[in-house]
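The structure under discussion appears below in the form of structure tokens.
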């Protein structure tokens, strides 16, 4: 199965398939977004009454149609256990590094320096990359500055970086986060690719 | 909800929506908006018939009783103004349609029609609103539409002019909102009739502060000196159809608001001396400005400012006779000013501009145009037998009847202003209409005559003639009109009829 | 006054002090990006305050507000940031 | 009564006549004279009835509520005037048919204006309502304005016309105020009722009379307002003959004569009328003597005679009243004759200058004869009507007929009248001599014989003067009827009263006049030697110039064209009116201040401090910020502050809206901002920076203090307490939403309309009119082709020079004039 | 004081503390990137804690559900914002190079630039 | 009984109005627009302050206690939206001014400027 690398919204990604099937598929691929929007609506409204749900669905469809959101074929899988691990890791990291930054900001902000490191990634699914960078940025003390999509290199700013050792730690953290994300959400194909690159050690 | 009061708001707005949908079908759009205005005119006529005996027609919007919901009220003054405004709006609309048919304008008709109808609704709402905040909303509808209109065919000078217009109007709106806040702070209500009742118990000094603040708020929009500067800088630059409506109606809506608030809400507070001096300053400064202008439209705009002073003068007198005079003046001025601006538009159409420095001998180029200019010029100068004469006599009579020195000061200023108006307007006549026509004007006339768009031009001329005739009709029916004026003025001075009609018979009165 | 009330007061004091810090940075600058960060921080603080307020009053009326502010504050800041980015490119 | 219809018929003719002129040329005058002739006939038929004591009245209601009704009333004075206006008018209209060539420019306008004038004049003299009188009065002014400038391509004609209009209509306004006062004092605007019961004990009565007289004097060219009349001679001769000799200028005299029976004894009346009349008589006569232009000679003569008439009409005695009637008629007849004669001379000889005419009497003896009769009448020679009238006039100031007139005044007047009469004789002789006599120094001109139709008019009028002089009893009864208003010894208009003092004075006048004519060269030298008086016209010019200069000064100061200044003035006004009032209230302790027990406190909640600090700091920082982007962020932060405050005040819905709107606004601002320069220009804004700051601080403080005091002074509990119960029955929970969606749905509806309208406006500004978009290039100005360029429909050169925005017009240059639509409104 | 109240009493001040410290960092950090770190993330932690605390005070699960939504938004938006700001800061050169131990992006940038323009 | 809003907020209102007015009187269009925005806030705030005490949101099914006055809130809501619409238009207009004149300034009126340059009235006939 060849992985499509089409840019988001590229019409070519669906044009190859026969017409009626493609329409069905298009609707199906859009369904999750609409369901998501509807759910939000219902949550905001407070009570899940049928009227609310219908109204929400209509509003969501309208929003979707009006905003002409690009529909991207979602190619993800979901592994609950790995996801849990991921959440736990991120949560811990978040709190821990928050405390770290807090300490620095309280006692020695002037002596705190940062570093920008380049770290090659081992996956190239769009979704995964977005999630990984998001996750990385979320965690205190790290900030994605630039993502080189073609070579799969992520440039991270980290803080506090007072020694080469902490730089290495930062790199490790990036790789760990990446791995967790791929394990939680990557398709089998992604996983295989990731492992191939990780084992091969080639950074491309 | 009383349908009569709802129609002038709802029908134009529905019409606006319809014309927006019909924007690809110019003819349908034109017919639709004309029909809408016809309906409004008819409705206003019926409304006037209902109120002519001094009855106050009230409609509680949504069925909620007065201080809670929004009340729409039509007393004779409001009803008459709705009628006159809608007639003027209709005539100007037809003028504009003529211009569009002839392809003689760069306006965007698709946008013009819906916005114009929104303006109509805003003007009507401002007249019949019985609620201070709703009045604000009406004003904003009108003003937003006017912002859209004044930027039609946005050339650089127009954009500049509309910048001035918009910012000054916005300032006024902000102050209006502030005023509403203060009124609510003081009385806890925003229904006009209710405020009128409750202000009685308020500290007089604070009440007077409010009275003066509202004078400033509406004074800006009514172009009362010294808050008038924006008007001559913005109106003359707009398209004719738009400056005509602005000059005729928008300032009058503000004058109406001044009258309504000062008579109904602040009748107990004697700010008549302030009003008087403001009126005198408005008359004199405005007309002095008109004397030195070099552009027909600018002369007309300054004259407009000056004549607002007459209405404020009448309000300053505050008697029944004076308010009746103000009503006559309002009607007269709406029609006369609209006529003058339409004629100026025709001049622009004929010779390409309105600068006195390059217009000569228009009587030769177009005798009809000359006749059409002459009548409103006479009317504005107050020469008999036009409506302007009648209105001025009514005001002078009221002033003499009151007999205070302030009244005489106002009368003196009025006489001086009338004389100077005569000079200013007949200066246009002698400079632009008499003399040997410039060669290029004769050519321009030939070109217009041979052009394919004569039909449009004819319609424009015809509509201008209709407007001028309307001015004469106002003079002709001045008898019944002044009767109506006295009825309306009684209602204004009394206030009880209004308050009772809105709040019910048991309401406390000031 | 229960303990909870003291807790709320303390919370508000902390949030208020935080807002003042943000305000300080907002005025001091020095760069646009600093100000944008402050803007976002303020919006987050607003959401936090609303949340506490909701807790104080045990009232659900504020919940919708929170969602909106959280989302909208972000949109504003993001737009401005994009603008700043564009200018940076223009300059570069 | 037929009269209203007759007047209306004039208006109808005026409307139709331009088309008629196109068809039959100047002969349209004949058609236009029909209503006049009908009026004359009608007046004659009424005269017997009238003399029997039955006054004819009619009334058309116009604006009864204001006392403006078109009352008509035909009495003796009115009859005289109607006969004069319609009779002389008919003749002059017929003359006009022969006078104007068929291709005369703007003839339609002329005939129509004359018809309007004739109708209005009939109205003036027959109406019985002060306002109706004013209406017709000003109509005559306006038609006179149009008639004077018949040849509007001449600068002089235009100037004279506007001058006449300004003087007559301007002072007419004073008269209007006088009328209003008079009506207010007297309780009625009916002239007859006022005269029947004149108000006496009001301090405003003299003022009213002075104002009315001012209008009358201006109309009747009394010194020092006389200057417009000679200038008006630029009009075609029939116009001068009719308006400025027979009819219009008599309007003022008529008004004086009309009001004199009621008000002659009220104080300033006589002093004013006699002084003005005498001065005008003498000045006019004196000036007439030195004119070379025959028409100007007549014009000054008219001024002099009008002074005489005013004097007589205003004297207010029985004999003076009789004399007034006589002179009115006589002057109307002889003066129009003479004007018509001048018209014929001008037409045929091509000049009307005394120094260019010689020996005409031999060429047209008929004309000379008619002139002789008219001039003799003017000079007061028997057996002409002029003589009869002048005898009566002299008698009026001689002892025996003085009535209520003080003797000293009468003597003074008599001397003046004698002097003026001598002058009159002299210039009458000068006219005849100048027009017809042989002069050695002047070569005779070609003079084609005028047609009989042309000659008929002066002959008829002059003959009428002769006829009435010989048969004064035709006039006398009418005059008696008018004079009945006064008590006095019986006196009749007659040729021969016997050897009375009046006859003696007349003889003296003639003798002196003859001497003066014979010694005309000496007189001329004496005139030259005398210092010239300041011309009244110079004063007028100075006044007008002064008005324009003041206008310019004021406008230059006030209308600065700068928006910041305008807005600053608005703020200043807000401070000056409500602001000062509030300050006065605070100083005078008229207001209550909140006490600590009533909630005077710094804050409700410490968080308020935070929010307020955010607001204050961001506001001040925004003011001090000169870079656009930081300012924008500050504004955004302020929005969050406001939202926070709303949350504190229990208004989550509001906070939500503020945040939403604020964000949208920020986004839009960003889109606009990125087009604009990074730094705000900080040019001085016309007002000093400190002054501006002070002004704004004061304005802000005013608003806040008002708010503070007014919330404290609240009179009633807010009405919104009533919403809760209503909302429950309506089934809503969130009151704000209930109000928006139900109680005040109209506001919400309006709000949506505003929003949509604004959206359309924005779209049409930004998206439509793309062709007006300018490329972001340094020389963008040159590309704004159709913006301010001369429209193709207009001549490029004319519009460009005319354009008030000259710089831009020239900058715009030729542009895309060929591609733009035929838009005339592009400026 | 119920158990829920106790939980709230712990969580909410803790969250506020985080926020406050973040804001203090915003003021005290000398570098732009440092301030970004300080402002964006303790804030998020603080917000989540506060939300959690609030959830225990609200009447029911249904009422608390939107709070999850808020937290979710925050988690989604903060990284996006941080990333954007970081990129802008870097491209505008508002990075204090002295306070960077390593800057591998500066080494890569010339070629990155070249690639972008292709 | 509380009859007035707290002083601090009154001061805030004063500062908002003052700075709004100040910006309004500037030549730079963007500053003027910002001034209008601030003034809009100020006016809305004044409306809110007519209800002078901190109370509960105006919900009938909410917790018991005195609720705040719902009417000013409704008015402010309407006013906010209206002000927003108009401000947007103003921005579009500023954009057009910039397109036409390439400046961010409120320009003076040309005809007024011409008349200001006149020494003598052009005609006084």
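A, B, C, D, E and F label the chains in the order they appear, each numbered from 1.
We take it that contacts are C-beta pairs under 8 Å (C-beta built on N, C-alpha and C of every residue); 3 or more make two chains touch, one makes a residue touch a chain.
Owing to the predicted nature of the structure, the values given are computational and were not obtained by experimental measurement.
Asks: Compute the shortest path length in steps from subunit C to subunit F over the network of touching chains.
Replies: 1
Asks: Farthest chain from subunit C, comparing Cα centres?
Replies: D
Asks: Consider the two chain pairs B-D and B-F; indicate the one with the greater count of contacting C-beta pairs.
Replies: B-D
Asks: Rounded to a whole Å, what is the gap between the Cα centroids of subunit C and subunit E?
Replies: 11
Asks: Determine the centre-to-centre distance between subunit A and subunit B, using the mean Cα coordinates as centres, and give it in whole Å.
Replies: Comparing mean C-alpha positions, subunit B is 62 Å from subunit A.
Asks: Between subunit A and subunit E, what distance separates the C-alpha centroids? Give it in angstrom.
Replies: 17
Asks: Nearest whole angstrom, what separates the Cα centre of subunit C from the Cα centre of subunit D?
Replies: One centre to the other, that is 68 Å.
Asks: Which subunit F residues reach two or more other chains?
Replies: 20, 24, 29, 42, 44, 46, 49-50, 56-57, 59, 71, 75, 78, 82, 85-86, 89, 93-94, 96, 100, 106, 109-112, 114-115, 118, 121, 123, 125 - these are the residues of subunit F that touch more than one other chain.
Asks: Indicate the residues of subunit D shared as contacts by at least two other chains.
Replies: Residues 158, 162, 544, 547-548, 551-552, 555, 559-561, 563, 567, 609, 632, 648, 652-653, 673, 703, 707, 711, 714, 718-720, 723, 734, 743-744, 747, 750-751, 754, 757-758, 761, 765, 772, 784, 787, 804-805, 808 of subunit D touch two or more partner chains.
Asks: Which subunit A residues touch at least two other chains?
Replies: In subunit A, 44, 46 touch at least two other chains.
Asks: For the complex, give me every residue of subunit B touching subunit F.
Replies: Going through subunit B, the ones touching subunit F are 133, 136-137, 140, 143-144, 147-148, 151, 154-157, 159-164, 166-167, 170-171, 173-174, 177-178, 180-182, 184-185, 188, 190, 232-233, 236, 291-295, 298, 427, 430-431.
Asks: For a test of understanding, state which residues of subunit E touch subunit A in their complex under the given definition.
Replies: Within the complex, subunit E touches subunit A at residues 18, 21-22, 24-25, 28-31, 33-34, 36-38, 41-42, 44-45, 62-63, 65-66, 68-69, 75-76, 78-80, 82-83, 86-87, 90, 98-108, 112, 115.
Asks: Please output the residues of subunit C touching subunit F within their complex, sorted ascending.
Replies: 57-59, 61
Asks: Provide the residue numbers of subunit F that touch subunit B in the complex, in ascending order.
Replies: Touch list, subunit F to subunit B: 20, 24, 29, 32, 36, 39-40, 42-44, 46-47, 49-50, 71-72, 75, 78-79, 82-83, 85-86, 89-90, 93-94, 96-97, 100-101, 106-107, 109-112, 114-115, 118, 121-123, 125.
Asks: What does subunit E use to touch subunit C in their complex?
Replies: 1, 5, 8-9, 12-13, 15-17, 19-20, 22-24, 26-27, 32, 35-36, 39-40, 43-44, 46-47, 50-51, 53-54, 57-59, 63, 66-67, 69-70, 73-74, 77, 80-81, 84-85, 87-89, 91-92, 94
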